[in-house]
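Here subunit A shows up in two complexes: once beside subunit B, once beside subunit C.
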Partner chain A sequence: MSLCEAEKTFVLHGVEENFRLDGREREDYRPMELETDIVLHAFGSARLRLANTDVLVAVKIEIDVPFPERSKEGKLEFFVDCSANATPDFEGRGGEDLAVEIANTLSSAYRSKHAFDLTKLCILKGKKCWKVYVDILLLECGGNLFDAVSLAVKAALWNTQVPKVHGVNIDGNNIELNVSEELYDCDRLDVKNAPVMVTVCKIGEKCIVDPSVAEEQCSVGSIVVAVSGDKFSTVLQTGTGSLHPATLMESLKLGHRVAQRLDEALWATLRQIKPGQDVGFLK
Partner chain B sequence: MSRNRDLLSKIGLRLDGRRPDELRRIRCKLGVFTEPDGSAYLEQGLTKVLAAVYGPHQVRGGRSKAQHDTAIINCQFSMAVFSTTDRKKRPRGDRKSTELSMHLQQALEAVIKSELYPWSQIDVYVEVLHADGGIYTACVNAATLALIDAGIPLKEYVCACTASLANNDVPMIDISHQEEIIGGPTLTVAALPMSGKIVLMEMSQRFHMDHLEKVLNKALQGCKDIRQILDEAVRLHVRDIGSSTGWANTS
Partner chain C sequence: MPQKIQIRLASHRVSTSVAVNQRYPKIFTPGEVITSQNEFMRGHGTYEENSDLKASVAGVRQQVNNLISIRPLKSRYNGEVGDVVVGRITEVQQKRWKVATNSRLDSVLLLSSVNLPGGELRRRSAEDEHMMRQYLQEGDLISAEVQSVYSDGSLSLHTRSFKYGKLSQGVLVKVFPSLIKRSKTHFHNLPIGASVILGNNGFIWICPIINNSEDGASGFIQNLEEVVPRQDRETIGRIRNCILSLSQSKMMLYDTSILYAYEESLKYTVPELLVQEAMVDVAILTQQRLCMLEDT
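Presenting the complex of A and B:
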């Protein structure tokens, strides 16, 4: 999709008047749909649809050996796959740059121990830990990928059930874990402070959140903030343009405010989800 | 072979309780996404596949590839890393995916009326969300639906089905992952069910030549059954879309 100058001016004027293309105000989000437990054989999963953006996240868990320098911590790994279903540009290795950018931003947002406590994933210090793979599949791109991905990841981690370990048998170098056989005998992960990302997009003189594809094209630069609890965990500037420090501070504040509202909305939605609801693409 | 590993029990039921000539439940939906020109979601038992079709559009990446008398059909098969029980390292680019892309292309080229679109390209992308046996067949069936959703002229439906031979005697169709693991030959057939033509046939392992015909016939019957199911889904979809737009563009 490419816009001509007149169309860009139209979008810009809309942002100026606080009345965007689809009738939203500058701080409004498009409607979202969230489903959890959508991938049956994963430990946790979620699918988030933000207008036209569709993200599927599945969490898999394996037993691994902790890093020697972080012997008390488990491992968390993000992998983003840009499916060619989203756009033909992603065919082959086409989506790899975007995928790596999103995955790196996520892992830096989750790195702080206040955002996500990796020590809970440790089973036996220096010997055994859980390795959590968070696999993100982008099925459709309708703008604002970062926000959608972060919300879906948080929901999927919330949904994740880690099997309980009842005991550890150590016999020399042999370590045997006694993992619970019961299907529902599981621990939930603590995702209370897991970061929520907000993309603040500068269009003309004003900043907006949740840009659509058309708005992303008009923007000179955008800032992705990851907010965990009431603190920033990552700030990333993307795009080609440059920003004045005053604008930067302002957009950080805007991002912070919106992220907290978004987080509240996410928790309210997660609380409403009841097990056994009909989910999936067939709905 | 121990008794509980038999593909078919004494009373003629399979491990998941199906009869030998029974398909797994197929559920599908057309038009799941808005961005592609056509898209479809298909569940065959636990195997879940998304397909998207872009085009016909101008040939991407240099016009030298364009054909003056036909459209290029470009297929990409990819599997989500979480689709199998053990996590996969990469979603595409390995040998199996490349092979499946080629086979998919072969089946679709036989059925798309590509001579109607010279100098152009049609992209078909399939994404496996859950692999539980019969990946290729689910991909072909989903791609057919996505092509129909995109409004691309087809000669007829192309459907695919697997078949196997249980206890060296009884042919059975639509093999699940569990049955694939236990063993026995697997015959994969992609066919045009109305005319009965076969566009792709692939067999793994071995069985006696004498059995081939009856297994092949079972697989073809499976393709016919699948066509019925897909046809019903297409008709339902058209009815829904048509009635919601008041049959605006039909005359």
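Presenting the complex of A and C:
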């Protein structure tokens, strides 16, 4: 889908006027819907729907050997899969570039120890650690993928249950872990500072957040900021256009402000979750 | 002042149903037996197996005398001659444009079925062929009428009237084609200050009021300099959100239902109409008013 010039003009004037196509202001988000614990056989999962953007995230963990240079840390890996159901553009290898870009941005956002403490995933220094696989499936694209993915990832990690390790038997080079067999004998991950990403989209002279597909087409470039707590963890520029330093500073400030509101809203929702409320896809 | 960011839990989802007295029509699923009596004729959306008549799509049953057909809610657009459609140009070819109209195959707009600038009847020269991209290029939106249906189901369109042609500034909304109510006219200048084109293919175009100036060239000119004033923009945004509210609750779309929804929505601000509760509320109130209109 590509817009014609007149439609683009209409969007552009709307952004100038601070009244977008659906009536939102420049800093407004579309309502979202969140659900956790949706994949039964995963350790943690979440699904987030933002207008037409639909993201499913599942977390899987397994025991692994830590990297020799980071013997005290566990591992965290992201994988993004673009389903061809989302948009015909993803058919074949079409979505690969986008998938790699999202996965790389996520891993760089989570790399800092202020954002996510990997040492908590260590079981036995230098020998055993947990490896966390975060699998992200894009089911539908309605614009603003980065924000939706980051929120869904945070919710899925919040939902993840890591089995407790009760004891370790070391016999020479043989290490045996005594992992709890109880279903509910689990630890939660600490995701308090897990980063939230905000896409700041530059349309004309102004910057907006949460662009729809039409607005993404009108933009010359956008900046994705990942904010953890009150600090930036990653900044990424997408699109072809370049930004004036003043605009860049402005959009960073905007992204920071919005990310904190977004984080607050996510926590308010996560606190409401009670077990056994799952709805699933069919309804 | 930006609005609060809303993240709702799936378990708190609101039901979008607006059925009166909870009366739902029976919905057949593909493969479901409609009838075992073989005096009925097989219509669209059905097939015969082991002397049973079965549904091939998910939808409601419609019967005309002995002919049974199943009308699906969600489907691609099946065009009929005379339908008004809104479409987007996807390709410029020799002597024809390809138009995406939400059907299974792209529709065709022949160079000979458009009104070119400078007079009603004139020969299409080779020069016109070279100029085709100046008239309509990829991405442009047009309104047109279905001229004929080819044997493979693809449509041939024409814009040989002043009301059809290239669309200028406005918003396109996409809904299911089955939600558009067929009526005498699909072009509406609503008294609230906006024009709406309800394409039979489920594409709805909302734009500021069009002044029908009767010069032949107007069909290909877009005014990109003109800024749509704030008030028009709010009306357009509100109509857009109202149409989405109605279509979310699977209500038929025509001028009256859109007008009623607009009037009922006035107690909300435009961005508030993105919230589920407000959308369902508008749909229910509209449904009630439409029922009252039917009763009297």
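Convention: the second predicted complex is superposed on the first by the 283 of 283 C-alpha atoms of A that agree within 3 Å, B and C clash if a C-alpha of one lies under 4 Å from a C-alpha of the other, contacts with A are read in each partner's own complex, and residues count from 1 in each chain.
Convention: contacts are C-beta pairs under 8 Å (C-beta built on N, C-alpha and C of every residue); 3 or more make two chains touch, one makes a residue touch a chain.
In this text, all values refer to a predicted model and were calculated from it rather than measured experimentally.
On the superposed subunit A, the positions of subunit B and subunit C overlap enough to count as a clash. Contacts of A:41 after superposition on the shared chain: subunit B is touched, whereas subunit C is not. After overlaying the two complexes on the shared chain, residue contacts for A:108 are found with neither subunit B nor subunit C.
By the touch criterion stated above, A:56 is placed in contact with subunit B alone, subunit C being left untouched.
The larger set of touched subunit A residues comes from C, when the choice is between subunit B and subunit C.
Shared-chain residue A:91: touches subunit B; no touch with subunit C. With both structures placed on the common chain, the touch criterion links A:161 to neither subunit B nor subunit C. None of the stretches 3-11, 21-29, 201-209 or 255-263 of subunit C clash with subunit B in the superposition except 21-29.
No residue of subunit A lies at the contact with subunit B in one complex and also at the contact with subunit C in the other.
Chain contact summary for the complex, subunit A toward subunit C: residues 1-7, 9-10, 13-14, 17, 19-25, 27-35, 47, 151, 261-262, 264-266, 268-269, 272-273, 277-279, 283. Across the complex, subunit A is touched by residues 2-11, 13, 88, 137-141, 167-172, 222, 224, 227-228, 230, 233-234, 237-238, 240-241, 269-271, 273-276 of subunit C. Within the complex formed with subunit B, the subunit A residues making contact are 39-42, 45, 52, 54, 56, 58, 60, 62, 79, 81, 83-88, 91-93, 133, 135, 137, 139-142, 281-282.
If you check the complex, the residues on subunit B that touch subunit A are 27-29, 32-36, 39, 41, 43, 46, 48, 50-52, 54, 60, 74, 76, 78, 80-82, 85, 87, 91-93, 123, 125, 127, 129-130.
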